[in-house]
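Should a chain be cited, it is by its letter among A, B, C and D, assigned in written order, with residues numbered from 1 in that chain.
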Amino acid sequence: MKPVCLVIGAGAGIGGTVGAKFAAEGYHAVLCRRSDEEGLQKLVGAIEGAGGEATGFLMNATEDNAIEERVAQVEAEIGPIDTAIYNLGAQIGNRSLAETPPGTFELGWQLGCFGLYRLARCLFPKMVERGKGTLLVTSSTAAMRGNAGQHSHAASFGGRRMLCQSLNAEFAPQGIHVAHIIVDGSVDAPDTLGKLLGPERFQQLRDTQGAKDGLLLPEKIAETYYHLAQQHRSVWTHELDVRAHTDIPWFNSSAIARSVASEI
Amino acid sequence: MKPVCLVIGAGAGIGGTVGAKFAAEGYHAVLCRRSDEEGLQKLVGAIEGAGGEATGFLMNATEDNAIEERVAQVEAEIGPIDTAIYNLGAQIGNRSLAETPPGTFELGWQLGCFGLYRLARCLFPKMVERGKGTLLVTSSTAAMRGNAGQHSHAASFGGRRMLCQSLNAEFAPQGIHVAHIIVDGSVDAPDTLGKLLGPERFQQLRDTQGAKDGLLLPEKIAETYYHLAQQHRSVWTHELDVRAHTDIPWFNSSAIARSVASEI
Amino acid sequence: MKPVCLVIGAGAGIGGTVGAKFAAEGYHAVLCRRSDEEGLQKLVGAIEGAGGEATGFLMNATEDNAIEERVAQVEAEIGPIDTAIYNLGAQIGNRSLAETPPGTFELGWQLGCFGLYRLARCLFPKMVERGKGTLLVTSSTAAMRGNAGQHSHAASFGGRRMLCQSLNAEFAPQGIHVAHIIVDGSVDAPDTLGKLLGPERFQQLRDTQGAKDGLLLPEKIAETYYHLAQQHRSVWTHELDVRAHTDIPWFNSSAIARSVASEI
Amino acid sequence: MKPVCLVIGAGAGIGGTVGAKFAAEGYHAVLCRRSDEEGLQKLVGAIEGAGGEATGFLMNATEDNAIEERVAQVEAEIGPIDTAIYNLGAQIGNRSLAETPPGTFELGWQLGCFGLYRLARCLFPKMVERGKGTLLVTSSTAAMRGNAGQHSHAASFGGRRMLCQSLNAEFAPQGIHVAHIIVDGSVDAPDTLGKLLGPERFQQLRDTQGAKDGLLLPEKIAETYYHLAQQHRSVWTHELDVRAHTDIPWFNSSAIARSVASEI
C-alpha cells in the first residue's frame, strides 16, 4: 500500500502540483478543494494518466467536522496519511480596515489558522502512534509582517506561523516533521493569481515576468516540498523561504521608495 | 474635559496600574474588566482618592458588541478616547494539543486577536477624524515564537502582532500611534500571576525573585506606557520589549539546556 | 558630582542633542566626535549657556586606544560614566560590492561594531563594580536586514545588534542596561543627512517631509533615550524602533513596488 | 569538464561531506582547510576512491590574498566554480567579555564575516559573467541572536547573515543563488565537536543523543545543500534552518528554565 499524501487546498497551483509530484514519487495523492469538480477530476486524471494514484474530494474546510471526517475517511479507506500539505490561503486582496467586516476577519482566521489547528488535532495522534509523519504548510509574506490592507490575512498567517512553531515544539520529538514554507512572491498559478488578475493580465504577466523565471513555478516548488518530506529526522528544516531570483525579498524594500529615506 | 484613557483588561496588574498612571497625569481612566466588581471599584476608588478621574465597567469582551457598545458609550458620555490600552491576555497555561479543544483555541483567538481587531474597527474611525490617537497593546513572548503548550496562546498573539503591524501601516500616517509591547517575563500582578500560583507560591516568588527586582513591577511598566503615549509623532515606537534585568530574554535559552548542544 | 553621560559620535544630530538632553537633566555631558572643533565647541557652549555642564573632545574612534584612553581620562578627571551613548554610524551610502573595497568594508566594521566592543570592554568592568550603568546604542534599519548596496553597513550593524544582545545577556544581570535603538528613517540632522544631501536638497526635504513631522527630530528622539536611561531595572527595554508616523517601516515595502507581486 | 564545487572549511564534518556529495553528483570538489594535510588527503582519497574528482589545498583563509589567489588558481587550472560552500566557523567556545581580547574578537570577524565578503568579491564577478553560480553559507544559532559568552561569535555571524542578505539583494537578479543555512544544533563532526569534547565524551554523545538521531548527520545535511544548489531560479531558498528532531529550536527555551517565568 502506498503512503498517502493529503493535500488540503489542491488547486491548479502549488497544491495540485505538489500532489502530482508526490504521486509521481510513489504516494497516493488525496486532493481536497472547495469547488470546481471538473478541475479536481482533471488533476486526478492527469496523475492517473501518468501512472500514479490519486483520489479527489470537494470539501469546504470551514464546515464543522469537514477536515476531521475527511482525515478519518482517508485513513480508513485509503491508508495512513504519511504527509499532509496544508495549502489553504486566506488572501482576500488588499482591504482597508473599514472594508474588512468581522465575518471576513474571522473567515481569514478559519482558513489560515483554525483549519490547520483542526488538521493537526485530528491527524497528529495517528502520526504519533506510527512514530512518524510530515506536515508541510504553505505560507506567505503575510506570516512575517503585517501591512496595509492585510489586517485579516496577516493576523491569520502570523498566528499560523506561531502555531507551526508550537506544533513543532510538541511533536518533532515524537517524530512529526512540521515545515513552514514562506512563498515570497507571485506563483504562476491559474487558479489563484490567474483568477485574481483575469486571463489577459495573467497572460501578460507570464509573458513578461514569467518569461524570465520571475514567477514561482509550481512544479519547481513541488521539488522542494518533496525534498522536505524526505529529510532525515536528524536534519529537519522547520522554516524556509522560496522566491524567484528577480523578486525583492519581503525584508527588502524597493530601492526607489526608501533610498534616501531609511539608509541614513 | 480630560482626555480619556480606555483600558480593556484592567486587573490589579498592568491594566489597572497603567490606568492609574494616566489618571495621575490628567486623563480620565475608563477601566473595563470581565469580573470582580469589588476589585474594579477598589481601583476606581484609589484613583479618585488620589485626586484623579476614573470610571469602571464590568465587560465580557468576547460578547457580541460588548467592545463596540462600550466605546460608543464612553465617547458619548465621558469624552473622546485619546488612548486605548488593550491588555487582554489569552493565557491558559501550558496545554498540549490534546488538551486544547476547539473552543479553547477559539477563545484564545477571540481574546488575543479578534477583540483587538474589533476595538480598532470601532475606535479608529473616530481617531482618524480627530487626527490623533494612541493604541498600546500589551503583548508577550508568545507573540514572538510558538512553543510547546502554547498552541492557542501563540497562535493568538502571533496573529495579534501582525495585526498591530497592519494597523500601524494603515493608520500611523493618519495620526494613530500603535505600539506593541512585549512583556517578556513574570509581572508582579496579583490578579494574574498571583491567581495562577496561589497566594503562598506568589508570596514566595515576590520574596525571592521580586526582592531583586526580578519581577516586572506594574507601576514601572506604566511609566513606559505613558512615555509611549507622549512620543512626538516624528519618533513613534512601534515595538519594544520590557523585562527584568535578571531575566533571560526569550531569544536566549538557558545556558544549561543548550551549552554544548547549540553553540558549536 | 554629576553623573557623566559619554556620547561617542556627537554631531549636531542625535548624538549632540541627546548629550544636551542629559545635560539639561543633570548629567555632565562628554561629547566626542572625530572632527569639526568649531561645531563641537558650539555644542558645548550651548549646553553651558543653558546652565548645563559639558566637555568636548575630538577623537578618532578607530585609532588604537582612542576609546580606551578617553574612558580612562573621563573617569579620572570628570567622574564615573553613568550612561554611554554609542552613536557612530557606518554609513557610506549605497555601494555595490565592486565599489566596496576591503578597506571600506573593514572601516565599516570598525566604526559600527568593533568600536562598540572596545567601549564595552573598557567601560563595563567599571560599571559592574558600581553595580549599575547604561549603554544606549543608536542603530538603524541595516541592523535588521541586508540590502543592495549595504554590504559593509549591514554586515557591521547586523554584527552590532548581535553584540548588543550578547552584552545584554552577560551584563544585564550585573546591573548594566543595554538598549539597541533602531532609528528607522531619515533624521533631521544637518551633520549627516544635511551633508549627504547638500544644503539645498536638505532644506527642501525639511520644507516638505519635515513640515509634516516626517523627519525624526533629534530633540524628540532624545526624550526616548532619556526615558530608557531612567527605566527601573525591573522593566528594562532592550530593543525598540523609532520612526516618523508617515514613514514606511523597514519590514513593510512600498505598496507600489510589491502590490501584485507578493501579497498573493 | 565537470563543474567545480569549492569548499572553504573542509573538515570531516559538514564541509568535507558536502564536498563528497557534490563530487558524487558530478562536480569536481575543491577542498580547502587550514591544517591537517593527512585529513585532507584522506577526504580527497575517499572521493577519488568512489570514482569522483577532488583536489585538496591547505589554506589559511585569514592570510592576505589567500582566498583571492585560490579562487583565481582554481578557475585557471581546474575550471569555473559553479558552487562555493563557505563553511568557516568562528566558534571559540563560550567566553566572557573579559576573556575576549581584541585580537580574538577580530579573528572571529575575519573568519566569520570578512572572509565571506572576500570570497564573494573575487568570485561573484566571474559568476555574473557566466550568468549563474551558487554560494551556500553554513551558519548557526549565533547568527540569529547574541548570547552570553558569544560576543565575538554572534557579532561575526550576525554580520555574516546581513552580508548574505546584501549579497542576495545585489546578485540574485544577476543569477547567483545565495543561501544562508542555520545549523541549529550539534553536528556529528569529529573535527569540530569531536575535538571540542575529546574522544571519550564525543563517543558518549554519539552513543546517547546520536543513537536517537539527535546529532545532525553531515551526510544528511549534504543532501539539503545539494538540493539547494539544484533549485530552479524561480524558487530559490535564501534561508532555512536544519536541526535534529529532538533538539530545541533556538527560539524556544528549555521548559524548565522559563516555565513560570515567561509564559504568563
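General observations
Following the convention adopted for this analysis, contacts are C-beta pairs under 8 Å (C-beta built on N, C-alpha and C of every residue); 3 or more make two chains touch, one makes a residue touch a chain.
If you're wondering where the values come from, they're calculated on a predicted model, not measured in any experiment.
Steps from subunit A to subunit C, minimised over paths through touching chains, total 1.
In terms of C-beta pairs in contact, the better-connected of the chain pairs B-D and C-D is C-D.
For subunit C, the chain whose average C-alpha position is most distant is A.
Averaging Cα coordinates per chain places subunit A and subunit D 30 Å apart.
For the pair subunit C and subunit D, the distance between mean C-alpha positions equals 33 Å. Chain centres here are Cα means. That of subunit B falls 42 Å from that of subunit D. Taken residue by residue, subunit A touches two or more other chains at 142, 145, 147-150, 165, 168-169, 248, 251-252, whereas all remaining positions touch fewer. In the complex of the two chains, the subunit A residues touching subunit C come out as 91, 93-94, 140-142, 144-145, 147-150, 153, 184-187, 192-193, 196-197, 205, 247-248, 250-264. On subunit C, the positions that touch subunit D within their shared complex are 96-98, 100, 102, 105-106, 109, 113-114, 117-118, 120-121, 124-125, 142-143, 145-151, 154-171.
Listing the residues of subunit C that touch subunit B in their complex gives 165, 168-169, 172-173, 175, 177, 188, 213-217, 220-221, 223-224, 227, 230-246, 248-249, 251-252.
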